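Here the chain labels run A, B and C in written order, and each chain numbers its own residues starting at 1.
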Amino acid sequence: MNIEISNLHFAYPTGVQALRGISLTIESGEQVAIVGQNGAGKTTLVKHLNGLLQPTSGTVQIGDWNTKEHSVAKMARRVGYVFQNPDDQLFSKNVGIEVAFGPRNLGMNAEQVQRQVNEALAMTELSDKTETNPYDLSATWRKMVALASVIAMDTDIVIFDEPTTGQDAANIARIANVIKVLRERGKTVITITHDIDFCGENFARVIAMSQGRILLDGKANDALGQEDVLATTYVDPPQLTRLGKRLGFKETVRNEEEFLAGLKK
Amino acid sequence: MNSLSIYVARESGLHKLNPLTKFVLSLCILLGGLAFSNALAGYVILFAIVTPLAMFGGVTKRMYQLVFNISWPLILSVFLIQSFFWGAGTPLFEIGPVSPKLEGVLFAFKSSGRILYVMANFILFSLTTRPDTLMISLKQAGLPSGLAYIIVSTLQLIPQYAAKANIILDAQRSRGLETQGNIVTRARALLPLVLPLVISSLLEVEERAIAIEARAFNSNRVETSILEIPDSQSQKTARAGMIIITILLIAGRFLWQLSS
Amino acid sequence: MAIVELKNVTYKYPLTDTPVLKNINAQVNEGEFVAVIGPNGAGKSTLCYTVAGFVPHFFKGEITGTVEVAGSESSKSNLHEWVLNVGLAFQNPFNQISGAKYTVFEEIAFGLENIGVPREEMIQRVNDAMKLTGISELADRSPYSLSGGQQQRVALTSILVMRPKVLVLDEPTSQMDPIGTREVFGVIRALAEKGMTVILAEHKVEWIANFADRVVALHEGEIIADGKPSNVLTSDLLAEKGFGLSRYTSVARKAKAMGMWQKERLPVTLDEAVEGFTLTLPSPKGRGE
């Protein structure tokens, strides 16, 4: 299921022009990171993918569905959206029920719901916490519950909004692992992130936005090597990329494996 | 809007008055006005008392804008209901089987006068008094700090919570929750929308309590204020005077009621 | 001269069985900048609350051992007096705004009003504090109209204006975007350089390595390391426990195992990594121009 965005313009009711002609295609199974300073339009763009926002002009197609023709609840069958703050969605008396909420809304039968829930809990290391009240868990684990709740919906496309904010290294690794599993299952994963190291290590395509427009869109190694362009939207390259550059590497590296390989050359 | 206040800053005579004075004035106009039963009373108060005060505050246009925006649906319904459901009375004209009655229209006219002056009075007060300055004055007059804090912070935080409610709505819709439709659908949507708001608000309240505690909120020293809220003997006298006049008006009305 | 002293501190939150802090012994000297690192749940926040007096006065629970700041003992003091010695700022900038004030200027004065500072002095102190943290131009703005980074700097200023002896900061940049993070770290660094005693709980290890005097590593409620950043942040112990390593340290560790890092000491910062790896690289080829 491809995502096709054509000449998307969006202005908020206050008159602020948030998106100025965005056109892009995201193919099924791609892993895309969207970076850029606050106010660049990242969240605005991504909210068009599940219909939370409707274009002022232009179109957004998710597979064969035009987002103008379907409610947000219906779009949730194809696009899952993990919001930044887990406390904005948790309300059930235990983790199991919470994670089942999404699948139930989508009309899965009891057996399917159970299967999806179990899988999602396993992926997020929550299998032993099914009976716990989400609010009895630490902020770290509440984040995983929010993740599981969306994964359980088994949508083809999953959007993560700033997944690593406030997380420690261990949880970032868990989140990276979830993304890896989604990748292996052929899901399209789109993330908005300020954590450029996380971005470099987990996403093959990087889109940099600034003031409602796309500045850069390309393979991670290419995009992340363009320090000057990234700097205009207040994005620093990943740490290992910078190290590689300072050491005079010919190619841009974005994670440990590439760096160590680069050393050998 | 960053807080639930329509306050507009201006360099006017009305703005410069002590908040307590404006508070008492507002209350007295409200209660005193109820002492008059004449149909035109509301309009007289509106045009002869509230409007000149609004001009004194430089907010006449804004006040009328807000008054009309807020009260027109109410006034329209008052007119429609009172004139068509008056029962026995003098019909004005016929619209098919029903006809509006003169008595109903007159009654609606009187009620509307009241509605308008009450709204205008309250709006004028809000336009010219910043809530925190009122709280400071009330505190200086004896209101407990805790209560003052709760009132002012609630006013500022309501729009923030409204924003959060919208985020929660978006998040739950993104999980397939239907929020439009029949009564059953909407009822089902209640818990997933309300609970996260309530729980996260409680969590936030704890953190905020820590934050103000860290700023010595519970100190037992005598408080000072960075804002200087001017007051004067003449204002104090005026406040006392207004209260007395209002009490007399209401008492007078009462006695007049009893005697007739 | 130790200004903060924790002796054998063990603490359990109410209605729990496991202590969150176990036998903590630590000292902070006047003017020192100590960073506290550890995975989530290790007890960093609890440690911050303990120095700031909220444990046990606000959170209750069971505490043993002594917590001393500037000669006073926490258990023998009132929280509302203790906060005058120890300033506390934490992660969420929004929740640190009192809500009682309509402008940043008044918001900063809030604490001074509570302790009864005379008006002229308040105005002076607020202006000085805003200059120190670089937010003078925000004075007339509503606190709720600010960005996260700005709000966090207002929170810091509101605490600083009260002239605490020690500043405790619990992950102040966790929820900031890169610009906000830079702004907040800039303020913290300026304060530390002016001689403020700072205790900072943080995850961003490279920054700590550049500016902290000392690093204390917490793991499951216990201090497992306490020393210079260059020692603690490159230790095998941290690598074993899986936290506190910068990417430079981590990749150099792997390079060392492959024979591609020759220096004895692992790098923590970018500059150290460049210096060390330059030695490894074969001369002309590696420079690749």
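Here, a residue touches a chain if its C-beta (ideal position, glycine included) is under 8 Å from a C-beta of that chain, and two chains touch if they have at least 3 such contacts.
Given the structure is predicted, the values throughout are model-derived calculations rather than measurements.
Of all chains, the one whose Cα centroid sits at the greatest distance from that of chain A is B. If you tally contacting C-beta pairs for each pair of chains, B-C comes out on top. Chain B and chain C have Cα centroids lying 45 Å from one another.
With centres defined as mean CA coordinates, chain C is found 30 Å away from chain A. On the chain C side of its complex with chain A, the touching residues are 39-41, 91, 147, 171, 174-175, 177-179, 203, 206, 242-243, 245-248, 250-251, 254-255, 258, 260, 270, 273-274, 277-278, 280-281, 285-289. The part of chain A that touches chain B in the complex is made up of residues 47, 50, 52, 71-73, 76-77, 79-81, 83, 85, 87-91, 101-102, 105-106, 135, 149-150, 153.
Across the interface of their complex, chain C is touched by residues 2-3, 130, 132, 135, 148-149, 152-154, 156-157, 160, 204, 207-228 of chain B. Residues 52, 54, 58, 79-81, 83-84, 87-90, 92, 94-102, 105-106, 109-119, 122-123, 126, 142, 144-145, 155, 158-159, 162 of chain C are the ones that touch chain B when the two sit in their complex.
Interface of chain B with chain A (complex): residues 164, 167-168, 170-180, 191-192, 195-196, 199-200, 203.
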